[in-house]
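Some structures are shown below for you to check.
Shared chain: subunit A. Partners: subunit B in the first complex, subunit C in the second.
This part shows the complex of A and B:
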């Protein structure tokens, strides 16, 4: 039987999971200016801190992203609270399922060498998925801001370059002249196109969904005031068409598209990182080094 | 002045519309990918999950060119008009 202390800690975790989202909603209600008609705007800027080269801007997307991170942290703490060798709680099954799936996915796509990467991959996937799902609460989804997604893409770019440099800088530079030395400039551009395309893919998908949702909502409002103006009294003022119909699109754009983009971002991360690592050359060099050390002895 | 601002706004909207012509390519490409995936599942229903995952990945990558066009169109609609009108006003006031 669960003790009182265990239950209290559980409740604290659950409250801390919900609290960041509630805080974000309160913040939005307090700071968002009332607007009518089509209003498609970027992330609102809360305040700027003056810095020597470029002002440091704290915007809505950064705050929301940080709140999502806190929420995910307490979700993980809740799921892993009270782990036992002999399973007592239902949530342990769920936690083990997630870990097993992530390990399997990373092993299938990245190979044996990268099997320690599953926490990173699942973290980036969860962050992306929960950030996109934040728009279900009517909040600004951090993934529809290029600055947030661009940051992740730059992180992935550094990882790719780190693994490409594993066999030494000379081997890395030689990779640019494949298959012909003439193509070196194009290879150089495609090196930097990777993070740009990753960031644009994620951000473009989420942003286009929110733009289309706003346009459709406004169009339905106009249509209902045009069609239903014969209704008596205040009934004519209520945009009846806006009820329910945008929800169908929201399932696709907010839920399906957001989760799919999270999955694709994680898959591409795995593919680029494991694809950039020259595993044959690395193994060959390590073998050579080991033989040399053996000979010296 | 009004005519100049009107030309800027109109050309931004036209440019955004023209940029989205690039949406044709991903449409055809993704349709092709899904058609092939359907054929593959019809031939070998047991590898449905693998084919679906690969198809979604391929669709996402085929979508990229269309999304570049989308980003340019969004920049032209939401960012470029303010920027260009500011430049115009500054140039005229400097004269």
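This part shows the complex of A and C:
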């Protein structure tokens, strides 16, 4: 039987999971101006901090993604609260499922060498998915801001380059002349195209989903007023087609698309990081080094 | 309130977002991945321990069974031996008794024979005596002759001895 202390901690975790989202909703209600008609714009700016090169803008997307991180932190704490070798709580199944699935996915796609990447993949998937799902609450999804997704893509690019450099800078540079030296400029461009394409794919999909949602919502409102305009009084103002239909569309544009993009981003991360690492060459060099060390002894 | 453009790149936002992802990676690793992995490892260890314990117990039981079976078979052999030796002793005893009895019986028979012989001799003697007595009386009466009793006795004795010899 669960003790009172255990229950209280549980409740604190759950409250702390929900609180950031509630805070974001309250913030939105308090600060968002009532907009008329269609307005498609980026994140709203709360304030700017002067910094060298460019001012640091604390925007809605920054705040929301920080809140998502807090929420995920308490979700993790909640899931791992009361872990036992013999399962007592249902949430433990879920925690084990996440970890084992991530381990399996990483092992299948990246190989044994990268098995430490499971938490990173979980983090990318969770952050991307929960950020996209924020749009279900009518909040600004951080993933529809190029800066947020761009940061992740640049981190992935650093990782790719780090593993490519594992066999030395000369081997890395030689890789650009494959298969023929003539293609070096194109290879160079494709190197930088990777993070750009990753960022734009994710950001574009989520943003386009929200844009289409807004457009369809407005269009359905127009349609219902067009159909019902001959009715007298307030009956003409009933937004008939705005009932239910946007929710169904939101299942695709917010839930499905968001989760799919999170999965795609994680898969691409795994593919690029493990694909960029010349594991055969790396093993060969390490073997050589070990032999040399053995000979010197 | 101002809004950003749909596409607006801000380096510091990018850096913060990158740091955020690293932070979340550390959070997930520390608060979700490691505890679960540790727990799974513990569970694996426990399961392996259980298995090895079970195997040990099984082996012990098998060994015990083998021991008992060995003991059992040894006991039956021993029992067989005891019975065999008992039977042997009994047979030996039987033989002894029978031979004793035979001996005794032979002794009895011999004694009886001797007794019979003795009785016969005695009877012979007494018959002789009687015959002597009778014949002496008869002779005294018939012959009316004075004969010394001793002479007569000797005479009769020799006579009867002769008869006895002829009989035997």
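The rule we apply is simple: the second predicted complex is superposed on the first by the 296 of 297 C-alpha atoms of A that agree within 3 Å, B and C clash if a C-alpha of one lies under 4 Å from a C-alpha of the other, contacts with A are read in each partner's own complex, and residues count from 1 in each chain.
Throughout what follows, a contact is a pair of C-beta atoms (placed from the backbone, for glycine too) under 8 Å apart; a residue touches a chain by one contact, two chains touch by 3 or more.
All figures in this text were calculated on a predicted structure; none of them were measured in a lab.
In the superposed model, A:267 lies in contact with subunit B only, and not with subunit C. Of the two partner chains placed by superposition, A:283 touches none, neither subunit B nor subunit C.
In the superposed pair of complexes, A:190 makes contact with neither subunit B nor subunit C. In the superposed three-chain model, the partner touching more residues of subunit A is C, compared with the other of subunit B and subunit C. In the superposed pair of complexes, A:161 makes contact with neither subunit B nor subunit C.
When both complexes are overlaid on chain A, the residue A:207 reaches subunit B and subunit C alike.
In the superposition on the C-alpha atoms of chain A, the part of subunit A touched by subunit B in one complex and by subunit C in the other spans residues 40, 42, 207. Per the touch definition, subunit A reaches subunit C in the complex via residues 31-33, 40-45, 51, 53-57, 59, 61-62, 65-66, 69, 72-73, 76-77, 79-80, 83-85, 95-96, 98-99, 102, 118-120, 122-124, 126-127, 145-152, 154-155, 207. Across the complex, subunit A is touched by residues 56-57, 60, 63-64, 67-68, 70-71, 74, 78 of subunit B. By the touch criterion stated above, subunit A contacts subunit B in their complex at residues 40, 42, 197, 200-201, 203-205, 207-208, 211, 260-261, 263-264, 267-268. On subunit C, the positions that touch subunit A within their shared complex are 1-25, 27-29, 31-33, 35-37, 39-40, 42-43, 46.
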